Amino acid sequence: MPKLTNAQAGELARNVQLIVMDVDGVLTDGKIIISADGSETKNFDVKDGYGMAMAMFRGIRIAWISGRYSKVTDLRAAELGIDHVIQNCRDKHKALTGLCGEVNINLENVMFIGDDTIDLPAMKVAAISIAVADAHPAVIEAADWVTTNRGGNGAVREAIDLVLDQ
Amino acid sequence: MPKLTNAQAGELARNVQLIVMDVDGVLTDGKIIISADGSETKNFDVKDGYGMAMAMFRGIRIAWISGRYSKVTDLRAAELGIDHVIQNCRDKHKALTGLCGEVNINLENVMFIGDDTIDLPAMKVAAISIAVADAHPAVIEAADWVTTNRGGNGAVREAIDLVLDQ
Amino acid sequence: MPKLTNAQAGELARNVQLIVMDVDGVLTDGKIIISADGSETKNFDVKDGYGMAMAMFRGIRIAWISGRYSKVTDLRAAELGIDHVIQNCRDKHKALTGLCGEVNINLENVMFIGDDTIDLPAMKVAAISIAVADAHPAVIEAADWVTTNRGGNGAVREAIDLVLDQ
Amino acid sequence: MPKLTNAQAGELARNVQLIVMDVDGVLTDGKIIISADGSETKNFDVKDGYGMAMAMFRGIRIAWISGRYSKVTDLRAAELGIDHVIQNCRDKHKALTGLCGEVNINLENVMFIGDDTIDLPAMKVAAISIAVADAHPAVIEAADWVTTNRGGNGAVREAIDLVLDQ
């Protein structure tokens, strides 16, 4: 079961300088939407977008790490001005530590938001790990804190509000 | 917590001549749906549309104010015959007061329906402010009344029914 | 409140020869999905489709009456082999009685499934009127029976199962 | 009512070498999404996809059997590397027994996941039959075990986790 109370999670979140998150199932509702021409569509959440914009305005860095590749992820990242987008990534722990070196931020200042078992290695080394409400049971079990909203339905905004203390 | 009972909200709503609302998360479910060609899709609600048509038939004005720009919003507004559509708006309070001057309606005859913190300045000056059921907690807290339906799922119709006393 | 128990609804449904239904909010989840090129998309339900196919196989007629026009409605009707599709209809009572004359079926053998107040005049004259679970409160109030499933999520199948006694 | 406890289902699932499933309503949320140009879109689930990849990596075979035909089903199957995709199938029992012969796996090593009555003949002969949480009542009734997740929302992953003992 998650280990932190809301107050403890808020305390830890105050030191966060970099928020890293998975894409499908975290920034979206996990639907892989495929059309007859083979193109893909994704559902992002408007409140999550506004939260990321506010966080970046306050100097907090945002990064997305996805196990799959989708052009739509790049398009949404460009609209929001997300600088760090890593796709087609099999080893999220390695990607996270590489990113931390690149932006010169320690793991003790990192929040990671995930929803599936592929996120666990990165979640384990982040200072605060967050599972979305509809994450895989093993991710709920391992997370420091769990959002009340589902992925793609404001879960990321909830985690950001913790950091911004709103 | 919201300050009005249903009866009190109904009382206030009887004086409404202008209903102003946000788009993403209020007229839609908040999903920012992006396709591989970069185009955007939105989910509007059929019952909301019918409610707005009935309100306009009864002489009540409808306006939409969105923080983002989307061509789809213009398309849906044209289908429904919405005259006042303001997009890409960072200051909704200013947009609302400007609109009131333009159509010569006082703020005491205005209802505003919102879902996120960017809506708060406009909600505070409207005669009656309404939050959709899945609004940001700070908006739920500040609103005069909260719908039982979620954004894009009949929340706007519920607010209009209050005005039309149905 | 709806007037019939499940047993009574099943009794009445046994005489149904024609099942008439609204489209948006009954056969779909009520989402009006608009893309940037102005085209529309609709979400139908696979279980509803299978139910209508079984009903038609048993000789029961199916008709759709929609207040709006959408090309997508014609496309789905063609796939399922629905013979009677009336769109852009403002007066559903008139459309229903006209249809009954055309196919030579009495109103006492008609089931009507609706979700909004525009459906009420037709619902009032049908032998059995059904509201989907997320219908407008006035439609829930007026209906003989209410499905447990929401529109576009198996509500039509539930009504058909009543007729087919499954 | 389903006949197996979680422990009993896990016991049976340990012998599964082939997992067969329906597409619409099992791998998707059952929405038949039709656009104005007649093309179809489907919503698959990212966690289901990851589960099928893990199962195949462990040597378990995956097959899809659909009553309808959709090009999108082929596209998603190709992305995931699903070898056995049978579409436009009216007799799923026959398709299942044919498939078992082809891959040389006995029915006592087969799991079948379904959601509608057309799946029942195949479910009855599989060693373990699973209904998704929002399956037709007759399928819930007949199934050995029922997932807690709805179709297209992780139901398939839940069944696979049973096999992989995760």
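Chains here go by letter, A, B, C and D, matching the order in which they are written, and residues are numbered from 1 within each.
Going forward, a residue touches a chain if its C-beta (ideal position, glycine included) is under 8 Å from a C-beta of that chain, and two chains touch if they have at least 3 such contacts.
Small disclaimer: the values here were computed from a predicted structure and weren't measured.
For the pair chain A and chain B, there is no chain touching both partners. Shared numbers divided by all numbers used gives the overlap of an interface; between chain C and chain D this overlap falls below half, so the copies present different residues.
Averaged C-alpha coordinates give centres for chain C and chain D that are 30 Å from one another.
Centre-to-centre separation of chain B and chain D, using mean CA positions: 42 Å. Looking at chain A, one finds that residues 35, 41 touch two or more other chains.
If the chains shown are joined wherever they touch, the resulting network closes on itself as one ring, and no chain has more or fewer than two partners. Within the complex formed with chain D, the chain A residues making contact are 24-25, 30-38, 41, 67-68, 115-118, 134, 136, 138. Put simply, chain D touches chain A in their complex at residues 29, 35, 39-47, 49-50, 70-72, 75-76, 152-154, 157, 166.
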